[in-house]
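Written below as structure tokens is the structure these notes are about.
Each chain carries a letter (A, B, C and D) given by its place in the written order, and its residues are counted from 1.
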Amino acid sequence: MQVSVLGATGYTGIELVGLLRDHPRVELALLASESFSGENIAEVYPHLKDIVEIECQSFDVDRISRASDIVFTALPHGVSQDIIPGLLERDLTVIDLSGDYRYRSAETYERWYQPHKSPELMEEAAYGLTELREEEIKNSRLIANPGCYPTASLLAVQPLLAEDLIEPEGIIIDAKSGVSGAGRGASRITHFCEVQENFKAYSVGCHRHSSEISEKLKIWNREEAEITFTPHLLPLKRGILATIYADSAVRSAGDELREKILKTYKDYYDHRPFMRIFADRNPQLKYVTGTNFCDLSANADDEGRIVIISAIDNLLKGAAGQAVQNMNAVCGWPEITGLDKTGSYI
Amino acid sequence: MQVSVLGATGYTGIELVGLLRDHPRVELALLASESFSGENIAEVYPHLKDIVEIECQSFDVDRISRASDIVFTALPHGVSQDIIPGLLERDLTVIDLSGDYRYRSAETYERWYQPHKSPELMEEAAYGLTELREEEIKNSRLIANPGCYPTASLLAVQPLLAEDLIEPEGIIIDAKSGVSGAGRGASRITHFCEVQENFKAYSVGCHRHSSEISEKLKIWNREEAEITFTPHLLPLKRGILATIYADSAVRSAGDELREKILKTYKDYYDHRPFMRIFADRNPQLKYVTGTNFCDLSANADDEGRIVIISAIDNLLKGAAGQAVQNMNAVCGWPEITGLDKTGSYI
Amino acid sequence: MQVSVLGATGYTGIELVGLLRDHPRVELALLASESFSGENIAEVYPHLKDIVEIECQSFDVDRISRASDIVFTALPHGVSQDIIPGLLERDLTVIDLSGDYRYRSAETYERWYQPHKSPELMEEAAYGLTELREEEIKNSRLIANPGCYPTASLLAVQPLLAEDLIEPEGIIIDAKSGVSGAGRGASRITHFCEVQENFKAYSVGCHRHSSEISEKLKIWNREEAEITFTPHLLPLKRGILATIYADSAVRSAGDELREKILKTYKDYYDHRPFMRIFADRNPQLKYVTGTNFCDLSANADDEGRIVIISAIDNLLKGAAGQAVQNMNAVCGWPEITGLDKTGSYI
Amino acid sequence: MQVSVLGATGYTGIELVGLLRDHPRVELALLASESFSGENIAEVYPHLKDIVEIECQSFDVDRISRASDIVFTALPHGVSQDIIPGLLERDLTVIDLSGDYRYRSAETYERWYQPHKSPELMEEAAYGLTELREEEIKNSRLIANPGCYPTASLLAVQPLLAEDLIEPEGIIIDAKSGVSGAGRGASRITHFCEVQENFKAYSVGCHRHSSEISEKLKIWNREEAEITFTPHLLPLKRGILATIYADSAVRSAGDELREKILKTYKDYYDHRPFMRIFADRNPQLKYVTGTNFCDLSANADDEGRIVIISAIDNLLKGAAGQAVQNMNAVCGWPEITGLDKTGSYI
């Protein structure tokens, strides 16, 4: 299977390049990059020297479609929609890592992003949260890979809402992300001296991913959930850890409630290779970094206040890893193909 | 004024030594350290070479009392109570940075710490949260410096509870601290390779400081507040940032509610030199590191969900800085004496 | 092939466990750990949950020999020599990651380490610097995996000395290592607050690895080289970068000299999959982290002063990765087996 | 005394603002910034809220000269020379932190920087390495503050060369700097994800500061010294540590040589408050961060190879701190005025 990556030189793109190079079922056909077209990818990212030595192309849809069976678009929001319709017309399967096709509602998208040029495709796109939408994904030629925060949040919250274990009001997602989530672009915000030994909340009450989480919960549960979402910037490179607070909607509390939640997670996820439910400790970023895992734990106090911890690697399960997982689903390959490497503790 | 530091070689102790050395009204009389007695403090902490060259003493209460007017005890919990009664008998003023005299209730202390040897002094001790307890502090000979998390939390929550702006139920304090909060002792938890590029929650639902926060809120407001407190460990050296969630107890929401909260903060803190209320942005750790400030901001959504950000330097406002602020209060000196240095952005 | 790891819970040990779990030709037979015997490795290192769930054993040589074909000993210096003779007697192949069998001279070992209990085996052991000693390694049942600093240093220096390109006097190795090189033991030196935002030289003029480098250069070139070796501690987890200074021993200088050095490196290493020679830029730690590469570059000024940069991941090429590379050599498998994964840039 | 800072919003500028605000003998008269003119400095750097609330001005030389007695120019190379002649014409004392007036030779400057517009002033300017050029500085109206690397290097090397303790050939300066040395501008090089867990050499054999070091050594010793200078980028915010290698030019070696070097340093620096000579350990960055110290140590082996460690805070002794030290010299104030605060270990 020939695969191409458009936007190969961003942080998500280059992570994809590494995963696909190591994937036993695919071959890297073409890498495209507007800013580095004509340059060897190993010049742009020298860690790839002797490993992936491919010249980056510009965005020529015909050339891409001749070379590829599957295309990953790791492009800025707004750019994906310029290119994807042409790729679909040429019968390619597209896995898009931008926000462009994540929403069902064009109106919501446009409120948080910008005008949309192909809203008709938004309804067709599968939302690529593999564990919860696999059937949809398998039958789709356009997969919208979820945002990183929504991945960590929805995998934790959706089973509990679906099983009426938590109240749909007053859900608080206090999320903390590493700097790679901000992308590779040079900006004062990502300057080492701004981030090191610093910590901050940002976009309080107004982060785009909040709308993505809300839309999905509403569609899936046919009921509005009230989410307070606060992202924070951690002085580290990769990983998202979300501390999620919710109120019990059942009569139990304390350990009994905790067991119910863990059982629900196990019912939903026990056969899923990338979901790990911790019963005896809380996940740490360290456990998931460099892997495609989403680790979950649950805590509950005697008043029925629930504290869930959800941890992922934002560049893998939150982006490139889940994209490969979706490719595996589309192609009917074992879910772990190309993603089954042990993370490193240190 | 002659001041001594017992436990001078811990992280809080050595921070105190620096502050007191630079303080224009006091002289460092004696440094005591069980582990390094007989050694020059500048051998233990070489950044003090040519600056503070004092030999550490063992804990000889008579010698300490002869040398000192004021004693800071930066000792482990449980050790403070062994020494402080003897210091008070010798008419010294004591500012204690351990947890030993922070509680009114010996029962609560003993549930979270250990048996208490001088519970009678617990009632006498002033709780050293300078901005809220100044009168008490001024008239006391034993000041219990607050815990670092309680400092950041209580300064943010108490004015809002006292003015009935927030509901006493469902208050969530999602707090993140730097590693220096764990002290200087070597342990696997503080190993660089465990912390760097990691992030985790710890003591979920069972951290001691939760009981300190709850006791103070109950005493001050004559009403139980229901607090969910989750501490996290940041991969950085110093600072605490708490993201605090609460529900509005008044009829307003959104910007109107936000203004009410800011006004309350200003009413409480406008004349206090170490409280800064941010109206147009949220505090970051960077703004307070190296200073005695507590920075606060408020956000509110249209459903009346409130998000407060509170940031302090855990070693200064959360420990050594507030201890000096309390000394200033006791001595009747201007509050900023010895604490008025500009922080560094980088 | 059944492989066991003794000392599985140290940083080098756990890195080995991950590599061997992912290796297509071997099976993890037994993990031994004195401190954690009886515990599931995934309890000690939770990132292994659902991946490697094996109970750690104590050091029972008979049991180990029944279970294993090859044994990796990732034990403290001095402990390896207690166990390895028994393993060899039972016909196992041993790859030792301690310093115990790296030297030819027991006298030198004892000067830098401690008395040696099986000096006769020191002569038999192969020095496992794969690229330079492969024949020796292939025919040995005891392989002494090199120290991390010697790996980075010898791969850079030996070809230049052997080809008489540099003077044997006045070679300076200014080496910088991440904290994982100090191991997992809790100590003040590795406390996060000691390391973060700090940098220091240590063991100036007296680091053990200096003697390892010198012995090897002397044996291989039948001539003493005069090395000044200064290790430094970097505030990061993994990686060694050595900046090596030497004087030209040939008549050329500047670019001509540089080309000669690069050509020598290419002659020695062009067919070696884990050696990369950079002609147009200098290696960075980032390029090798998470991989088994040793990256080299050369610079030369008009006076014939040479600056070589050598970079490795201390836990992989400097320890566990090279150990697996040596296993591959011993077993006659392709050199890259189990080590051929793309590193991650971020 | 009224002082102004031009280029107040760069990293060096803002460090100066903090120092001058805390300085007991001066008043901040005017802050100028091209990029932020019209904005309150506390909006640009919120850590200054309630501390320094001054509106940034544009570069109006008349206005600046009316407001100020002394002007600090913390401007990019090339921009300083546009403004400084006008300031001198208006009889101001100028302390320049750019490279524009550091050289005696316009030719050298132009080779490494750009064409110079006021070469006649280059001869007049005092080179602001306070400890070694104090007389010159006291009598000058234009002080060229040294580069950060030259400060750490020259303070270590010059006494040894002047006293003929080391050979002028084969001096190697292996220097490591924190990221703040690269300034505040957003670039890929300073992106957190590029720096964190990375380490690299840069500008090998071609860094500008090499020429600054060489020129000064040549002028001061009337003899060319041959310097190999290799700068490296550390994953930390502030500090420079240089490991300097040189050959003994005297008959002693080992401890005897070491004592000679230490004695020379003491002879030169014993009365200087910001020079600390460590006889029993090597300096670490941690000892100098946040202070104006330059810490030095010496090591020597039996072959007469010398290893000197020199550590400074690049933003203080390497920039803003030394600039204030120079102001104190010019004004005849005690050298430590405004710089006498204890650093923090953590």
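We take it that a residue touches a chain if its C-beta (ideal position, glycine included) is under 8 Å from a C-beta of that chain, and two chains touch if they have at least 3 such contacts.
Quantities reported herein were computed from a predicted structural model and do not represent experimental measurements.
Just to note, of C-D and B-D, the chains joined by more C-beta pairs in contact are C-D. Most remote chain with respect to subunit D, judged by CA-atom centres, is A. Taking each chain's centre as the average of its CA atoms, subunit B and subunit C sit 46 Å apart. In whole angstrom, the spacing between the mean C-alpha positions of subunit B and subunit D is 37. Subunit C and subunit D, compared by their mean Cα positions, are separated by 39 Å. For subunit D, the set of residues that touch two or more other chains comprises 11, 180, 193-194, 196-197, 235-238, 283-284, 286, 346.
Residues 170, 172, 174, 176, 193-194, 196-202, 204-205, 226, 228, 230, 232, 234-239, 241, 243, 245, 247, 282-286, 289, 299, 301, 303, 305, 307, 309, 346 of subunit B are the ones that touch subunit A when the two sit in their complex. The residues of subunit C lying in touch with subunit B in their complex are 11, 179-180, 184, 186-188, 190-197, 235-237.
Here subunit D touches subunit B in the complex through residues 11, 14-15, 17-19, 21-22, 45-52, 180, 196-197, 237-238, 273, 276, 278, 281, 283-284, 286-288, 290-291, 295, 315, 340-346, going by the rule given at the top.
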